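Note that chain A is present in both complexes that follow, paired respectively with chain B and with chain C.
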Partner chain A sequence: MGFEVLLKGNNMIRLLTGLAVSLKISFVSVAISIVLGVALGILMTLKNPVITVVSRIYLEIVRIMPQMVLLFIVYFGTTKALGINLEAETAAVIVFSFWGTAEMADLVRGALLSIPAIQYESSISLGLNKLQTYIYVIIPQIIRRMIPLSINLITRMIKTTSLVMMIGIVEVLKVGQQIIEANRKASPTAAFGVFLVIFLLYFAACWPISMLSRYLEKKWET
Partner chain B sequence: MEEILKVNNVCKRYEDITVFENMNLTVKRGEVVVIVGPSGCGKSTFLRCLNALEDIQDGEILLEGEKVDSASKNIGNIREKAGMVFQSYDLFPHLTVLQNLMLAPVKVKKRDKKEVEKEALGLLERVGLLTKKDSFPRQLSGGQKQRVAIVRALIMHPEILLLDEITAALDPEMVREVLDVVLSLAKEGRTMIIVTHEMQFARAVADRMVFIDNGRIVEEGEPKEFFDNPKTDRLRQFLQTFSY
Partner chain C sequence: MKKNSLKRILATTLTLALGAVALTGCGSASAKEGAAEQTSEASAAQEQSDSKVYRTLDEIKESGEINIGVFSDKNPFGYVDENGEYQGYDVYFANKLGEDLGVKINFVSTEAASRVEYLETGKVDIVLANFTVTEERAEKVDFALPYMNVALGVVSPEGKVIKDLSEVKADEQVIVISGTTAETYLEKNYPDIKLQKFDTYATAKTSFENGTGVAWANDNTEVIAYAIENKGYVVGIPSLGSQDTIAPAVSKGNSTLLEWINSEIESLGKENFFHADYEATLIETYGKDYEETLVVEGGKVSDGAAAEASSEDSEEASTAATSEAAEAATEASSAK
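And then the complex of A and B:
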């Protein structure tokens, strides 16, 4: 079935290292996306016409453009057009953050708008000031609404990192291909075993995150 | 008796729409004033002005001699004195009943947690909800939520309670349990301004009735006179809509 190639040499360790590259790119991008997305999402609720137009165009670009095209533009495009030589991983983080920020901002905006005005009013009626109202009343409710959705975004990002091998990053899928290529003669069926193991590795990375989301959703059900 | 709230010539306008103008009202300590009027007459907006949830365009509102103004530095303090309960169930959904009650006393008044909890439990027992202390608002009925909302206002020791159509969104069989709580508060001498459509209740609880129509006070008086012997045609018409 092709599992034996994984036991050869340090192939399994190489696969895990590849997975670590994928996870590193996703987690760095997620962290950047959360910070920028929260900021942009709050800005979007201010109803400033310029911000509204710019953010809508930005969101549409992210929605329409395949991530792979964005990767190529940033990685190959900048080198030629601007003469900047980006590291492949930097390019990947830029593209994934560009994507994640847009989605996060939309989530934050939606969550902010979904909190009824009466929540704010009943809080200040009790004598809480603006800051206290945000800290104790509004933000906890926003977080509860957002966490399940943002966790969903994280798992989608982890899965989509498989694209970065197209700009030469050796992540888990690329390592898999290398192992298969190297053992083409000795184990012609390696593809099945290797890809199955990669499938399981992705599963192992994403499943706990999904479970966490489901747990939180249950716990915070309102 | 000491005057606790004084409303002088207050006007409320949105751009070119006037909600009400030249409103005058004085409430003494321990008095229960019930405001009635047709939908859209401005009575809820008037109540919201009293703790500066809405800005006023003219006149002044004095609560215990202090000016009510959302721009004033002291506004938090003033709002503590005017406890408000709204029509919609406005409990904080992410907090339990007990946490809902304890938030403001602990965070705003910086009171001791133990002491506040003791008081909260006492108040919950009084409104028959002690067993619900660890429930979340979503697990309560409308009437139960509204009783918790009343207790949440009470625990801040307000000088005056503002009740804005607190039974309007309730199923009929739950109205009673909420109004009973309000009635018992009136008996113990709480100062209250109540906006309601429950005429029987108004008659039972009010020291003074106020009828607002088209943005002005059309008639006011003792409940008996007000209901049995209305002086204006407008009030007579309005009261007739409640009898079949």
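And then the complex of A and C:
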């Protein structure tokens, strides 16, 4: 089956170190994306024509450009065009934040627009000011609406980190390929076992996040 | 035009994002290297961005570290063993270079598609990732003297070995993988042979084993390894067509490093270093028979390898390839 290659030497530790690299990049990016995404999402609902056009272009770029191209542009392009020598991991965090911010902003915008105007009007008629309206009425609803979608985004970001191998970062999938290839002769069927273990590792990383989202959804339901 | 505006937008967003990274204190990646060092590095790079991206031999020696791009999943050329150590034919040579330079080696795991980019941006000093010398690549990077041969090979079943492509009958088919040099070569030089094309290695292999084709043409390192790993198959033609070479590559114009590598390869030739390298790393996969076919010692493509090539034009091609590399090297040094 191929599990035996994982017991050789430090292979299992290497795989876990690779997973740590993937998670580090994705969590840093997710944190940045949430902060910037919420800010941008709110800006987008202001209906300022400049912000609308700029954010529209930004969103389209993120949608159209494959993450791989973005990685190459940021990692190699900045050095070529601007002479800035970025660390591979910094470049990865920039690309994933660039992507995450756009999607997060769109989610925030969508959630904000989904709140009917009557809620704002009712709040004002109840004597709440603008800030209070947001804090007590709007934001709690937005958060609840956004949780399932953002969890989806976060897990997608974790899984997509496997692309960073293209800029020389050795993450969990790359370690897996290295292990399979190093044992090509000794255990030709190692691929199955190694990929199965990688699947379980990704699952172990993403499952708690889904559980957390389910818990929060329930908790904030009322 | 479009590209330019795209770049500008990207640059702005990048700056914003970078600022954000710094603000949130999440520059974890840069923290490793020391933020101060990175900024000084960045500004230094900015100053020189127009003149050069690479580090000269002296700069590398001074820093005490060299960045070498290798494959991390191409057994037996460059791979990582179970203890996390880089191993293989390319790595064995890389280790020797580091030892003789007296610097620590920092191996960078590269992919086939990003090897040129790494050199163009100076993110690695040398690429030793089974880099085949081609004309297109020589325009972007500088190749040193070769240390390995690569050519096409043809494998066929033991019962009916194809020793020459003229033995292929009109109703028989040869298997190739689309987009490989084997496909281009056969289409150009043997237009009468019917080809069966497959997109992936795995499908080509399965069809070949099921006998849909009389032979399978691919890189000779691939077919040789295949014949050794699978009983009942023989490499009838170990070296066919344009004989290409594999050589170390450095950033375009990095003449000091290039010259040092070249002289190193020449002096290593005197102690038969690459034969020792072959015996340490490749012999398990390829056996003793292919040592002379694959190894290039002292940067000279040996007559032994060329003589084994089935046709004369392959010999010409091999010398052409090396002289091209040499030409590129002299061009670069004169341009400096």
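Keep this in mind: the second predicted complex is superposed on the first by the 210 of 222 C-alpha atoms of A that agree within 3 Å, B and C clash if a C-alpha of one lies under 4 Å from a C-alpha of the other, contacts with A are read in each partner's own complex, and residues count from 1 in each chain.
Here, contacts are C-beta pairs under 8 Å (C-beta built on N, C-alpha and C of every residue); 3 or more make two chains touch, one makes a residue touch a chain.
Quantities reported herein were computed from a predicted structural model and do not represent experimental measurements.
Once the complexes are laid over each other on chain A, chain B and chain C both fit without any clash. In the overlay built on the shared chain, the residue A:140 is in contact with chain B alone; chain C does not reach it.
Applying the stated contact rule after C-alpha superposition, one finds that A:220 touches chain B and leaves chain C untouched. Centres of mass aside, this uses C-alpha centres: at chain A, the angle toward chain B and chain C in the superposed model is 160 degrees, to the nearest 10.
Contacts of A:177 after superposition on the shared chain: chain C is touched, whereas chain B is not. By the document's definition of touching, of the two partners only chain C reaches A:93; chain B does not. In the superposed model, A:122 lies in contact with chain B only, and not with chain C. Between chain B and chain C, the partner in contact with more residues of chain A is C. Residue contacts after overlaying the shared chain place A:208 against neither chain B nor chain C.
Think of it this way: put the two complexes on top of each other by chain A, and the tightest Cα contact between chain B and chain C is 31 Å. Against chain B, the residues of chain A that register as touching in their complex are 116, 118-119, 121-129, 132, 136-137, 140-141, 144, 220-222. Residue ranges on chain A touching chain C, taken from their complex, read 5, 8-11, 14, 24, 28, 31-32, 35-36, 57-58, 61, 72-74, 76-85, 87-90, 92-94, 97-98, 101, 165-168, 170, 174, 177-182, 184-185. Residue ranges of chain C in contact with chain A, taken from their complex: 6-7, 9-11, 13-14, 17-18, 20-21, 24, 26-30, 32-33, 38, 41-42, 45-49, 53, 69, 72-75, 79-84, 87, 108-111, 113-114, 117-118, 120-123, 229, 284-285. Contacts from chain B toward chain A in the complex involve residues 51, 53, 76-77, 79-80, 82-84, 86, 88, 90, 92-94, 103-104, 107-109, 136, 138, 149, 152-153, 156.
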